[in-house]
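Letters A, B, C, D, E and F mark the chains as written, and numbering starts fresh at 1 in each.
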Amino acid sequence: MKIVTFGEIMLRLTPPGKERLVASDAFEACYGGAEANVALSLAILGADASFVTTLPHNPLGEAARNHLRRYGVKTDKILFGGNRLGVYYLEQGIDRRPSRVVYDRKGSSFAEADPDGYDWESILAGADYFHLSGITPALSKACFAATLSALKAAKKQGVTVSFDPNYRAALWSVEDAAKAMDEILPYVDILMTNENQAAELFALAVDPCDEGYQTLAKALYDRYALKAVALTERRTFSANVNSIAAKLYDGKEFVSSPTYKMDILDRVGGGDAFAAGLLYALASNMPAQKTVEFAAAASCLAHSIKGDASLATKDEILSLANGNMNGRTKR
Amino acid sequence: MKIVTFGEIMLRLTPPGKERLVASDAFEACYGGAEANVALSLAILGADASFVTTLPHNPLGEAARNHLRRYGVKTDKILFGGNRLGVYYLEQGIDRRPSRVVYDRKGSSFAEADPDGYDWESILAGADYFHLSGITPALSKACFAATLSALKAAKKQGVTVSFDPNYRAALWSVEDAAKAMDEILPYVDILMTNENQAAELFALAVDPCDEGYQTLAKALYDRYALKAVALTERRTFSANVNSIAAKLYDGKEFVSSPTYKMDILDRVGGGDAFAAGLLYALASNMPAQKTVEFAAAASCLAHSIKGDASLATKDEILSLANGNMNGRTKR
Amino acid sequence: MKIVTFGEIMLRLTPPGKERLVASDAFEACYGGAEANVALSLAILGADASFVTTLPHNPLGEAARNHLRRYGVKTDKILFGGNRLGVYYLEQGIDRRPSRVVYDRKGSSFAEADPDGYDWESILAGADYFHLSGITPALSKACFAATLSALKAAKKQGVTVSFDPNYRAALWSVEDAAKAMDEILPYVDILMTNENQAAELFALAVDPCDEGYQTLAKALYDRYALKAVALTERRTFSANVNSIAAKLYDGKEFVSSPTYKMDILDRVGGGDAFAAGLLYALASNMPAQKTVEFAAAASCLAHSIKGDASLATKDEILSLANGNMNGRTKR
Amino acid sequence: MKIVTFGEIMLRLTPPGKERLVASDAFEACYGGAEANVALSLAILGADASFVTTLPHNPLGEAARNHLRRYGVKTDKILFGGNRLGVYYLEQGIDRRPSRVVYDRKGSSFAEADPDGYDWESILAGADYFHLSGITPALSKACFAATLSALKAAKKQGVTVSFDPNYRAALWSVEDAAKAMDEILPYVDILMTNENQAAELFALAVDPCDEGYQTLAKALYDRYALKAVALTERRTFSANVNSIAAKLYDGKEFVSSPTYKMDILDRVGGGDAFAAGLLYALASNMPAQKTVEFAAAASCLAHSIKGDASLATKDEILSLANGNMNGRTKR
Amino acid sequence: MKIVTFGEIMLRLTPPGKERLVASDAFEACYGGAEANVALSLAILGADASFVTTLPHNPLGEAARNHLRRYGVKTDKILFGGNRLGVYYLEQGIDRRPSRVVYDRKGSSFAEADPDGYDWESILAGADYFHLSGITPALSKACFAATLSALKAAKKQGVTVSFDPNYRAALWSVEDAAKAMDEILPYVDILMTNENQAAELFALAVDPCDEGYQTLAKALYDRYALKAVALTERRTFSANVNSIAAKLYDGKEFVSSPTYKMDILDRVGGGDAFAAGLLYALASNMPAQKTVEFAAAASCLAHSIKGDASLATKDEILSLANGNMNGRTKR
Amino acid sequence: MKIVTFGEIMLRLTPPGKERLVASDAFEACYGGAEANVALSLAILGADASFVTTLPHNPLGEAARNHLRRYGVKTDKILFGGNRLGVYYLEQGIDRRPSRVVYDRKGSSFAEADPDGYDWESILAGADYFHLSGITPALSKACFAATLSALKAAKKQGVTVSFDPNYRAALWSVEDAAKAMDEILPYVDILMTNENQAAELFALAVDPCDEGYQTLAKALYDRYALKAVALTERRTFSANVNSIAAKLYDGKEFVSSPTYKMDILDRVGGGDAFAAGLLYALASNMPAQKTVEFAAAASCLAHSIKGDASLATKDEILSLANGNMNGRTKR
């Protein structure tokens, strides 16, 4: 099971103890980004996961690469060059004070990398899956061009393409994103989205019930000739209490996971862990019902793990997916 | 909008990670006190907020002053002298283990400052509001005398006086406090209190329902010829789960805020943030309903912010007051 | 009230901030073990508590001894020798991610200590109670032998024996443990157990209702000619939300505590705090109803206190047992 | 004594405990920049110090402003706008491992600010001194333009101009810097430099002895019609052991400070503290000999204080300058 | 070997990483005081050491007591009562920035304790040595009275009295201290002092050479009919580099230790460790030369150990005293 | 350049801030061991470095593997099995207080691993160098057997063998070690040792001067038919000040490095960094003089880097070896 992901990895700076950014005189540092998180979680699960990006040739770029390597991600296709590693500041919320992300990623090595610098034929050689999110094409024209090159190469080499629109208002307008979807989706095989994005990017209103989700999934499946559509359903009760559930339509079955209501340790990367779980289950040929349960459990556990990327193992995810939900101490 | 507050600011020492005082070998340090917290939050909101106190001429006194200055409080009327900065140790509780405060404020520079040292005419020049809590007069005879001088000067200079009885059993008896209320309230325009204090200090029993609170507010309004009475209603479910709601009577309307049930990050200063929100809304001439909502939202957010004083901005408070209550991440 | 406990104390290494073991580059260190925790909590309560063990003659062994001494446990009967202090790594869970304990206690000074090295006659001289858990005999043959010697000496010297089976699958099989119970229980006067252990170790199925617990308690009471049987009833909703309740049968009355649903700060040692509370209440001749309430409140508070051993004082436990359950700040 | 400084303030991120950047998972955060450090130290000394810059309108920009405000710097002339706060990563060296600075300041709000946005007439009104370093004009064309506007306004308003070339190879070439000196120096009254810069920027080779320094100082004094030339002489024995000494020529006298050999706590800002000390002494009309001693002592103490800016007080600097050099504990 | 010491123990608050008090938002906490430090080090050395004081009945007082208990000091003669635990803030210097101590000990439980509250007959029963420093009588009239009572009781019970004048300008004037010496010294058997105190308190000028020290020691020995006079000779090269040496005169021999030039980790308590080492060596009947070497080595090692009290063991001190001075790693 | 090393990697637990083990309530955690450190530093230098060991299948074993992977070491030949990861506690000394290592490595997965479990033919395929230290054979009979198997396989496959006796008194007697040398050295090509080991293990007394070292090197070279002999010369002035120098004899030349006197940040692994530097230089075919300079500079820098393994890059080492010794800040 060889999976390649492509995107930006940033330095994340988080004030300790849920302190406010304006008041903090220290930061916890980790490295993350949507596609990097997916690769890292896949490596933890045991997949042959490779991450492709461009990093600056300085200690920060090396630290980002090392972070991935530490957890088993293959990093030999990463390019080094450009000016800086993107940064994001994360102020962690609680109760009715929302978490707040301050991005400082403009002018990053990845955003400014030459799209022709990536040798997709070599990068994708032997890959089963190629995954990226909508953040990558949103970062710059160069990144958009690189995205299209990658997608074309994947198609040509018969690599299954997985895509999560991951819309970020800070990066582009809904209109630009929707337009980009039209260019990207034709290359996509597996789409992960949710009701908000369906409405905004695909102009598909959803009735938030089982039937409504099924209608949505089928509409997307048909419109873009997909192999599978996964939907996540998040409810935000407070900054530290959310619920998550998932649906999957693979052309044959429409299946649902349980809903997990969660006390959150680290909110970031919940969707990326879902993507990793979904890809792992699909690549393992789990049945649809098991697949959606595995992916939802993977997402649930990611909320209880510090840092951008989930470190949950296959055994831990299976245990939860199989119903061991009470969190009793393991001695 | 120029607001002056007067009181003691202390060094707060908190064991990290909710550790017990008896077990801790480190303390997080911040600086706070009821009136200082009000001034700081008002400065964050954009008011011209000035804090008056007496601090020792040593690095601790300077650090307390600097803390206020950092967040925009005017500190040029602070006097320096005396022996020591008051200290309080805060053991943060969780679940059924209560938070515990150990005060060590006797003999502080503020408590022992000469009441004639403050030049109230100059301090209050141009001020719209003067705020203090019942802690200030409770600290010492000198503080009580200074309080009365300040109130008289405020009255003389036409400054609106705001007062929160903030009864602390560690500082004085109910009898002494009740007697002091009789001397202080004649100078007060805006009173913030709650059902417990009403019973203990003002001998007004309350039926804890909307009608009861209205009756109480009107009784206080009439008895002391006030301009506004604000009531807060806190319910303590556990050390880390409380609810807060507020009522306001301004002689015309009796209005109520929603009730916020909260997961608490830092319990101290919830009432001070309410005071700051109330004063800001009143000084901004918000309508009564908006005022009580703004003040309650300000108090709610204060519970999610580390340290004595709330750092919530006007936008954040308005967003919550306007119903964005789910704490969804802001990117 | 003189109480002696006997067992192993280990170094506990906990990643800060609920970080995963695999990701952590720092550990919080404390020292604990079932019987050491009981002794420590008893010392906090005011009992004359003595802990007996064997520690390595190095700074880790000294630190473990010093930890006990710091909180008032008598340590003059501790032996020094052997190779190492046992270690356990604690990964603290949240939500549906369970806490995980990785034991590294093989070959410890305690496990390998000569069972004849303890002079039980001197150790137990003047003791009212002797307490140990099933962990001690499970650690090694030597520990099992020492356990039996201790129990015989206690019986001979008229010391009341208290026992908590504390079954740990990592240490021995259910079969071996059940067999050991047959050897140990004849010396036991006070037994603390729960429905799971009843089924596994004593082959007594329980209907989880008041009547069922009563039937169980009486069965154990009769089978082993006990003086008292205490049952704890834990429900695990998630890694950070549990409930706890207790029952006590003393041959005359069957009494129950309230059920405490808890937000957990530190899960480890909840049972040990129950044992300490029970022994303290029994030794203080509290009535049965007060005893079960005191023990349950002691266990509840232990979940809100960092570290293995509860530091709750008698006043704090009584306050909770008497119904002050809302965790309101104490100033 | 009113002094205005103009430049960029950045977020400084330092791994704790002299850890390497590539290995660190946390950063200590502070805010600093050459001219901000000068303003801050001047405020500590008691001067009316104002800092002018452009900051992003986000929590990082506010934190940088608040840092200055905390220590008494006037910040009301700071503009808010643009995209980002510049960042620099500081890896602190020891022994023969050098400290390493990784700059990430491109595209900062300051570098991209409209040079016409500063109202110099208002900013410099009433100022006695205007200080900036060569970093400011090096940052961007806009910054260079702003520098010239400021210098012209200062000249026009009769403000004494102080300048430290502060050459940084990462920002511009020696050629560009030397050319810029030609445009800037005509507006300068007080120049602080050293032998390296003299050679590179002013093409003046120095014989590193007292006579040589005097020759250099006079040459600069004459060439640019200065009021005073200060020279610092640093010797770098290792990353944590340096020495510092200073010379001053004011057209009448050439005076020298003692040489301080130092165990270094924080190397950054040693030159800025010298500038602050020099300006303070000049503005206080200290005699030349006292001035150079005060400035050198200020620089020496800065190396023993954490963070970019020195927090040494006037009393502390005077004590050292007066010969109390042994660091005996003050009780 | 039973030794009793009497004095105040305070909470020491130290900013981490040699940060300045005015800049710190955290403190490392430990507990110390001259006589408490002596008792603690003696307990580490293996003596039966008991500390007598008065502590407040709150978690801070308990923590101070527990700190002593942790390291084996007997604390059963400590009284509980009064208002507060004294505090001192320690800003740790480096290079030419001195360490700075800010005392906040006025009104402490110890300073205000009733001098008649101590039952000296019982406290000193069986004691071989009684030690205190000049800080104790300097704290208050009550403390002075308690000191005299203790000294008289010691004399009566035949306990050898050891005294270190430990002059602190913040506590009393040289005149008052000198007068007090006249009252105290008649009860003293072992005096530890230095050239500064000799000049200030005993009006004995010293020529700082071996002969001079010998003359001084003999003068003191004769004037007060002492059993032994120990002199320490500290040279302060910088805040982090000092040297220490010691002399001892016992009526027969005048002996000297080597001089230790030291890189300092924690300066506080160097003299207390000397006192502990001296008392231990005297009580062990070491020869004079060995005694002075042991005491000086004990003092030297104390500078390399964090916290007020030295934790150096007898083996460690002997190893250094015997010439193993190079600090080679022990595996 | 492919290099394989074989040995044990342990969890290192270090109290922060040079605190004593007995006083610490937290540990900094890293992973290291002589041969693992060599592999890690070689990977940093750019070599294809592979580390072979046996680790427990738990989060600690995974973390040790991940630490190596993070910095580029190949870990695919690591076996998983056995009971535990070895631990060592490091108390860092300063001045005359030595650093102290408490080993807790008995019964580790590596020590107890089946020597036949390693497939040396596959492990060493394509390798240029095989390195291990005398610690590996000292750990257990199984490890000694595995060592011999590895050495034989290396010889058979034409891999150059490098060996550092690294004598540890805690692991075996001088006699046993000396005997083992006789079995190991016949397989060795490159020997790194020092005067102490020469005397103890090889019975070769050294006159500590250039000529003496040369005589020693030649004697070893001849006796064991080596390709190269490297000698390190460490002088220990205090726990935090050492000097290091090196000699190399390759059968043709005897060359010496400069002597580096160092302020030490982290003493552990200084010898391993020397080994890594030496192997890298030899494998790069640097001339003898450059080789010894590179290795000595690598060792010097390792003392300034936190953790067991040096993270110094090739550029950094070359810069120092080329004489840039003053540690001036790199911007």
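Throughout what follows, a residue touches a chain if its C-beta (ideal position, glycine included) is under 8 Å from a C-beta of that chain, and two chains touch if they have at least 3 such contacts.
In this text, all values refer to a predicted model and were calculated from it rather than measured experimentally.
The chain with its Cα centre farthest from the Cα centre of chain A is E. With chains reduced to the mean position of their C-alpha atoms, the one farthest from chain C is D. Different-residue interface: chain D and chain E share under half of the residue numbers found at their contact. Chain B and chain C have centres, each the mean of its CA atoms, that are 45 Å apart.
Contacts with at least two other chains are made by residues 20, 22-23, 25, 66, 100 of chain A. Contact annotation for chain pairs lists A-B, A-C, A-D, A-F, B-C, B-D, B-E, C-E, C-F, D-E, D-F, E-F, with touch applied as defined. Put simply, chain A touches chain F in their complex at residues 66-67, 69-72. Partner chain E is touched in their complex by these residues of chain B: 13, 20-30, 58-60, 62-63, 66, 83-85, 87, 89, 91, 100, 102, 104, 106-107. Touching chain A in their complex are the following residues of chain C: 17-20, 22-23, 93-101, 103, 168-170, 236-241, 267. Per the touch definition, chain E reaches chain F in the complex via residues 16, 260, 262-265, 300-301, 303-307, 311-312, 316, 320, 325-331.
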